[in-house]
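As written, the chains take the letters A, B, C and D, and residue 1 is the first residue of each chain.
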Amino acid sequence: MNKIQLQKNWKEKLHEIIYEADTFAGKLFDVALLILILISIVLVMLESVGTIDEKYHDQLYIAEWIVTILFSIEYVLRIISINKPTKYIFSFYGIIDFLSTIPMYLSTFFVGTHTLVAFRALRLLRVFRILKLARYIGESNQLLKALKASRAKVAVFLFFVLILCVILGTIMYLVEGADNGFTSIPRSVYWAIVTLTTVGYGDIAPHTPLGQFIASAIMILGYAIIAIPTGIVTSEITKTGEIHTNTQSCTNCGYEGHKDDAEFCFHCGNKLHT
Amino acid sequence: MNKIQLQKNWKEKLHEIIYEADTFAGKLFDVALLILILISIVLVMLESVGTIDEKYHDQLYIAEWIVTILFSIEYVLRIISINKPTKYIFSFYGIIDFLSTIPMYLSTFFVGTHTLVAFRALRLLRVFRILKLARYIGESNQLLKALKASRAKVAVFLFFVLILCVILGTIMYLVEGADNGFTSIPRSVYWAIVTLTTVGYGDIAPHTPLGQFIASAIMILGYAIIAIPTGIVTSEITKTGEIHTNTQSCTNCGYEGHKDDAEFCFHCGNKLHT
Amino acid sequence: MNKIQLQKNWKEKLHEIIYEADTFAGKLFDVALLILILISIVLVMLESVGTIDEKYHDQLYIAEWIVTILFSIEYVLRIISINKPTKYIFSFYGIIDFLSTIPMYLSTFFVGTHTLVAFRALRLLRVFRILKLARYIGESNQLLKALKASRAKVAVFLFFVLILCVILGTIMYLVEGADNGFTSIPRSVYWAIVTLTTVGYGDIAPHTPLGQFIASAIMILGYAIIAIPTGIVTSEITKTGEIHTNTQSCTNCGYEGHKDDAEFCFHCGNKLHT
Amino acid sequence: MNKIQLQKNWKEKLHEIIYEADTFAGKLFDVALLILILISIVLVMLESVGTIDEKYHDQLYIAEWIVTILFSIEYVLRIISINKPTKYIFSFYGIIDFLSTIPMYLSTFFVGTHTLVAFRALRLLRVFRILKLARYIGESNQLLKALKASRAKVAVFLFFVLILCVILGTIMYLVEGADNGFTSIPRSVYWAIVTLTTVGYGDIAPHTPLGQFIASAIMILGYAIIAIPTGIVTSEITKTGEIHTNTQSCTNCGYEGHKDDAEFCFHCGNKLHT
């Protein structure tokens, strides 16, 4: 029983280091991981640049294997140190971690799968978890709260914008026609989105006077309706106050967002290690 | 008289299914209609893509006729089930429903009218009526209220922007001239709108130093005045509270926007079927 | 003395019709003038379109002369009916009215001055005076008040943006150089403005990796700082309430913006004709 | 000791003229400096324009030397008149002043360093110090306060946007590939930033239907998330009140931001010369 106790302590310690950021070791681990992720992104980027890949192909290949092995070790440690491994494996970050590690192993068996290493960019999202250790935590949470509150309204708005773009794109398809670059309705809808959002690539542009008149109307419209999501989000941010949470995650169920003075997990009632 | 009573009940039942969304059958009808509209839009889009139309022309043609017939049945049922059919026929949605159904029938008589099927995209607007069954209803209404309140101010603003674009376009026509792409005043006004709204296609761009200087001033101006509609809408959204309405429409006069606990139509006093 | 009295009454009546919009005749005059201005703008626009001018050159020429003569009559009446003609002649609208009328007369003596007719577009600004007769008056005034209040802050902001563009443009000139389209510092500054305001024509675009990196930073920056004027204007609009003024202008000094219940001009103390 | 006293007075007088703007001489110096900086910027700009430099190369060269010598004199005076010269030399403005003066001297020894004169554009930032003499001071301070308060939140937001662009750029690199202009991941990330910030040059644009679909999603997304920084800054500006400070800087420690009625430096307790 003493051995089990010890093992449990060892597992709990590991969990604290890997999943939390309240201890010094935990912070160190997070910062090291962050640096490793950034290095791996830079590697993937450099490899994609033709001229660099030609020169330093072998060095980049070796460096990528080193990163892959380190990621693999981290992945295994994460599975070992949590009470319910499936909780982690099928979580958002768990899937991303898996997808960032597997392509290199696959590339030894199948040609072409190597490119999937690019999915590693998604690991950057982990920065937000790690960011919690910084003073920005309060800020991010407040923002997220305001965004969550305005989610439904912004969704309704974006939905309306999309329908508008379908209708306007269809009209422009009838007005301009295939000769002026509006070769199909989906392409015209793409143009309408490019115009209404004020991106304006210019790869497709109206040529007939009527088309330019309608395009002008769409732009003026886009200029006015951009005010809507801004208004929604602003009123939400003005409303929400700040909330204080810490960086702990439950060793049992993995839930986060516990209050600063929380002693038990608000989801499963497990004791938190403060 | 019993027969009339029965018929009236039958009509009322149909009205409830087609026009309202409070009962299960009503919700089912709305969702089915929504899916059918989406399918019809996808059909129209696919048909407009040259390569797809060549391959699957016959299948798309048959599918479109099926959708048209289903739309026709719905249109007839809507006329039958309402007390005052003209109310529906000449309403906004009634006209759109008619325009979405007729092109296919016309195309059997006149060549070329088939393209008008594209007007079916307007039926997507019905999504907003159907959306009422979702939890977004409160959100949309609040948004609409704020937008209605800021309508006049935004209109004044857009009017000002338009006049500004006419004046700036005219100046640029005099400065740049036909050699640099500003071939006429309407085209220059089109350019001014493209620039002021920060769309910036680049199909027309100033080439003379003076033209580029004026263009820069227009952009800086556009950057500043985009703040105006945003400010207007934001202050309105902050002001308006939430209002709760249900999805009922009066069987007698067709009015909507009844309060949750309304028992009689606020417009004609007819009993509502809650 | 009776004759003078009569003449004075006649002048006052004319002043009321031309300068104010409270009587029926005054409103009629304003609406007629508005339509005439719009016609004259359309004429100038049509004339600038090569294909239309070729076909209908004579008709457009005659129509323009008719408009010019009507404008001339209006200009003379405005001078006659006001107590201090110089007040009108050297006012903002007085100068515009003069500039809109003179080019046609000049074109009979000097070749080429005809193009100056395009300045007539500035007369569109008079719409804002005439608009006062509409229900939008309260709205415009409130907007103007908020804009006036935020003027200084927005000016500081735009000034900062301009300096930023000069600095960023200079850096890009050094980084990209003449070979990549950044042929001179003024042109690079123009590019920086095009980029920072998110217009993005694409006539000049960075080609070197470092240039694209700096450009990305500028865009992200532009994305963030557009929030500043919006924030300024929004907070001002939220603050300001509505003010009610009428459409009278003083027959003596020409001042406007009198309160609804004003009996004397707040500037010169002259009795107002309510 | 009398001589030392006199010298001290002389130094203090000079400090007041150069570093502050409360006396007439101080204002005059600031305005003169502002004009000189503007002239030097115009000189650098003109020189960069090929056609102008060819014609007036000698005149521009002489004018630039005159400006450089005047800047040098100012730089020396600034060092002499302050109590702790290192404070100024290693301050933000001190470094810029040095960098604006040195390139001309270097260009006599090394060929090519002349271009560095362009760094002089950074001196424009001094305008903000000089602007303090204008009535805008209150406005700028309020703005800066609101921006400082929203700094952390906007940073988190921009950080999120950057990560999003890396992920979206990587996806587009996989979807579109090198044949459609997405030659490498960094370039694709550059495209994602151009698109998300609604700049939209159009130098790189998606060609495959799937790429255009993803691009549309990015644009709609960018349209929605631009609301976030606006919301943050607006709520901060609404919160902050106005603060009144004067243009004095302490002769001893160089600190600024003293209240209007301050008699002693809030940092070192030195008597302020009001």
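Definition applied: contacts are C-beta pairs under 8 Å (C-beta built on N, C-alpha and C of every residue); 3 or more make two chains touch, one makes a residue touch a chain.
Molecules present, by chain and UniProt name: A, B, C, D = Voltage-gated potassium channel.
This structure is a prediction, so every number in the text was calculated from the model and none was measured.
**Student:** Subunit A-subunit D contact: same residues or different, taking over half shared as same?
**Tutor:** The interface of subunit A with subunit D is built from mostly unshared positions.
**Student:** Rounded to the nearest 5 degrees, what is the angle of the rotation that puts subunit B onto subunit C, matching CA atoms?
**Tutor:** My answer is 90 degrees for the C-alpha fit.
**Student:** When the C-alpha atoms of subunit A and subunit B are each averaged to a single point, how far apart are the two points in Å?
**Tutor:** Distance between chain centres, rounded to whole Å: 33 Å.
**Student:** Provide the C-alpha centroid distance between subunit B and subunit D, rounded to the nearest whole angstrom.
**Tutor:** 46
**Student:** If a residue has to touch 2 or more other chains to count, which residues of subunit A qualify?
**Tutor:** 157, 186, 189, 198-202, 226, 230-232, 234, 238
**Student:** Note which residues of subunit C are touching subunit B in the complex, please.
**Tutor:** Residues in contact with subunit B: 41, 44-45, 48-50, 115, 118-119, 121-122, 124-125, 127-128, 131, 135-136, 139-140, 142-143, 146-147, 154, 157-158, 161-162, 186-187, 189-190, 193-194, 196-203, 226, 229-234, 236-238.
**Student:** Spell out the residues on subunit A that touch subunit B in their complex, using ranges where they run on.
**Tutor:** Those in contact with subunit B are residues 152-153, 155-157, 159-160, 163, 166-167, 170, 173-174, 178, 183-186, 189, 195, 198-202, 205, 209, 212-213, 215-216, 219-220, 222-224, 226-228, 230-232, 234-235, 238.
**Student:** What residues of subunit B sit close enough to touch subunit D in their complex?
**Tutor:** 198-202, 230, 234
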